[in-house]
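My questions will all concern the structure given below.
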């Protein structure tokens, strides 16, 4: 990589009460390859300013709005290289559009947009302006998820038959949004979140299954529920899924499964072998062949695929976790941005991050699942985003 | 219990190559309360005779057919008290009917029958002849399953919202039935088995969920598949389920999930707490309340419910497993039979075994799920068996 | 096996309040190959009689004392084939001696005796009278323990370097013996138990390590403690151990480790691989080679050693546990006794049970560890029992 | 905290091939509160310069030696606030001494020194120059370790009786040092490492037990071994330990336990409860009381102690791991250094990092264990470092 300096980035969203903004900042800073230099951290200019101070930014680069930030940064010599968008969901689209049109590369939280039209417009903008766009489906950043993908794609499991992917949480089992909890507030508000469990975590589950197996959905039959009294948005979803090539499966996500913290997990069963992975114990991957003992593959070992090794920082037994996986999205996207800035071709491993097309697929999935739930039946789920 | 002798029982099925017959015999003999004295172990009289010899039976009580056995035993002074039916599924009905009409109590393997008409006729015969009928849904014999049931029924979890019950196996991931494997042979033959994964293990999953929560199904939407080339019968099923009272969930069962051995497991999520149990590690039950740490309840401890204690033999840490759970069906049914023979009222704990009505419910579930799969949609699953 | 009948056995000990007597009876009856026909169940003749009734024995064979039982049985035509001794430890020797001298085969609980002299006399009596003697170090009856042994002895791990064997329990963390608890009473009484944690469970740990690795002790350095106020006997022991051939390790056992139930476990590390096994999850065995993923070997699979298969009853995923392991001691010893009665040579697999020499080694270990603890230092632990 | 800027630090050691240097840098940068501005990364000036370039340092601050670095930095206006020492063990002392005498605060890897004299001199220098000194016993940085400590110190377990602490690894099971492996090279060289398994990881085990329980050692009896042919330094150590107040236990550490990656773990058994924690699954802590089910405490929950919450960054279920724990040492030490620079009193939670006295205790432990191994017996292990 011939860019001889750290990347500079700005952030939209991620104010004092936000959870995910700080996660993005830690992920971005972990490897010492990029630094935060600008931000519009809140729709409240005062809060944005305070957050900028806490983060040690130059006061001139704590902006009162994302629009002013895009405009001002675009004309600086030391302008940001990319923007990180960590707002509630409904703001992803206008912010991303604004920065893409201002010529910036983008890292954006998921789900990408609340409508498919917006998602497809972003695809087109990325194409038109030739920018790097990374969507933080962070769970695909785990090394052992990459190992799983490598094993499936190399044929180690044979033709995939069954996929079970789950994302149970329990934190919204009570009407937490009524107590002034900021996270719960916007995530259960249809205007800001779009969808509930389906958008927040169901989309991660779909993305994980697609990433690991390389398989697109063909049709789904969803059962979408709001369990908590007074909640409009879904907080639980179960669905039957069919993938291209004949694989079938189950996808379920929940925010009312008490005792579950963040238990994203996946099982892939092929004609000759199976895999299983749990996000809460992410350094281990279980592989079972038709014959022979179960194998427990552990991060950091020589026997792993290069894609896993490329995304690991610590020796085996020194556990990595959520932040390192998240940081892999930033690290790989950052290297790709740096290559772009230097006019170089990025290392293929550096291109291993979720794209704007992944984002559009996720939006299509969410909307299709909601529609299936309303119709109480199977529904076509095939989709090809603009490229 | 005033019956001063061991119970005597006969067996139909359970010849030399059978798996489940030997399980029944070990389960029956574990506690030293009953002894096998007669049998029609095979449709091949010669095999039946050989098996009787191996088991140390009197030659006169190794019968060439179940019909002859019922007839001959009925007139003996030392006749059997009950018959244990461990044939392939399609023979459960004629054998059970024959023995009920000959006045015998019955222990029968599951699924009970291949048609609902047969199942309902058995319900009526049990009622008419006032016999004890126990169905070996053995997984409900585990003490920690009884603990789970006690906790749900006592309201410890609040209103149940979500139930996830799984029964993955992998042993039929290849066309094992083509290799002369006896078990695989009849279990994949629609004439003898009725249904495949759905009947063999899906019915256990449904029964387990119903036993633990006390909830009946309202509607289901099933996806039923035969994955292995040339196999007619289902070897994988995924379904969305709605229970009475508003609980929703997922039930899936599979015989093609490589690496899974016999991983029946259940999660029940209520408004105030959750439970999780795994058949392969059956001595532990996980309980999570809205607040506070997860709890791991372990078999054999004072803090457990009496229903769990009543069905346990060993101190904590001395693991019990499959055979003890199976034996609990025999032990409880046997005590109920003994009470019947003595004209006594059985201890309520002894009545804790699956009944002929449970069998009819299971048959209805299997047939409804098959129909849902054919129709590709939601289908009413409510059912009340004759009593 | 040409013995065409069930074996007949009698029991000494195992009265109404005993724990281990019922375990022995369930283990003996599991396979339907032997039946209990006589007993001296208690030092209190009345209790012995009541227990005999409860167990359905002929009243004439519920004896008031073991001595009368040995004398009376010896002259019956249908006399017992063997005696099962399940008394407190101090009675093992006189009972075993009496029955050996009366010509009976013996199954005896552990530790075998309280003195080395007694242990060695039993070795000599077994030899002199040519009887079968099985000691119920039941944990070596687990199939996956046999698998571990097969792997170590076949050289799969290379030369053994390190052995860590643990047996933590917590049930005596309080002075339970002061509350009238029968089990706690005799097990903490030096006169009846000999040693405490060391004898009751430390001896299992030593036996397990020896069985799995085939290695004898060379020297030990023990730290023996009575933690609970007022308790004379040891309730916790930690020791450094050296085995023949250069292996080193740690052995610790405890009855005051709160929360531990019966967590016997072992790790064996060789020059080229390692094994780990836990009694509380006994169906799985962990194997790690120098290279490659960890392997989880699971009971019931084709890839296991014949010694494991020979001692298994159920298919994989249908967990076996404590009773089946215990029953393997009875089953193998029973087959060996039957062969003896028939004048046949037993199958080598049937000889796989702990012997009187194992018992003498265990007694030597206990006494040596106690001495090391008193001397606060390393002590020679080599020992060869009479054969 | 009134210091309005990031802390500046320099690094000694941590060249291109080093493992731990990069860990320190990631840990330091995670929270965005400090930046690396200077370094003497290698004893080879050319390598130091290259590493400085890779890390984006100003060329003038990539020093050819630590002595030049200390001298040059001391007179800069923008001098480093502290130095991070990540060299092989034998260099810790001269580097730390040099920087302390030049007025810098110090973060130093462990074990602190190879001799007790050096360790005590560092204690005195820290005192004399009133500097902050943090030793990276990083495993005490885990939130759930802090939770364990809070529970023990608050009396939740009652008086501690037994402590089992283990640190097994397998990476040195073969003579890796003969293959040119840099890490293996210096860690098995007595001149550079001082001790082997004992120093590298045994010292972590001792520190962890002391941190969690607050108990000092009284006496130990160690068995110290070099298993691998040709290796001079210890690669395995087992020891019996006595703590003040009557607690006893076992401590063992190994680098030849094949298949073990970095399995530091601890069990603490008190009179009324027990705790267990595993470094490889660091977000969970197991608590068992005398009565009631086992509890699994999970990082990120409200029910945890403030000391755990103070050292956590992510919500429950979003696993934290090794780097976050390591970063907690840097974050807390950094806040303490910042308070020192600002003339403020640090928050008591910020003082929660290992000190120079912890380092001296660790050195004393290592040397005492080596001596006990040589003498083959118990040895006094009491020690009070200079303060």
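We call the chains A, B, C and D, going by the order they appear; numbering starts again at 1 in every chain.
The definition used in the following text is that contacts are C-beta pairs under 8 Å (C-beta built on N, C-alpha and C of every residue); 3 or more make two chains touch, one makes a residue touch a chain.
The structure displayed is predicted, hence computed values, not measured ones.
Judged by shared residue numbers over all numbers used at their interface, chain B and chain C contact each other through mostly the same positions, with over half in common.
Farthest chain from chain A (centres taken as the mean of C-alpha atoms): C. Between the two copies, chain A and chain C, the Cα superposition rotates by 180°, quoted to the nearest 5.
Remark: chain A and chain C have CA centroids separated by 55 Å (rounded to whole angstrom).
Each chain gets a centre from the mean of its Cα atoms; for chain A and chain D, those two points are 34 Å apart.
The distance from the centre of chain A to the centre of chain B, each centre being the mean of the chain's C-alpha atoms, comes to 44 Å.
In chain D, 260, 287, 294, 298 are the positions where the chain touches two or more neighbouring chains simultaneously. Within the complex, the chain B residues that touch chain D are 287, 291-298, 301-303. Across the interface of their complex, chain A is touched by residues 4-6, 19, 22-23, 25-26, 29-32, 36, 55-56, 169, 171, 260-263, 279-283, 298, 300, 313-324 of chain D. Here chain B touches chain A in the complex through residues 161-162, 164, 166, 170, 173-174, 221, 223, 225, 227, 236, 238-240, 242, 248-250, 252, 254, 256-260, 267, 269-274, 276, 286-290, 294, 376-378, going by the rule given at the top.
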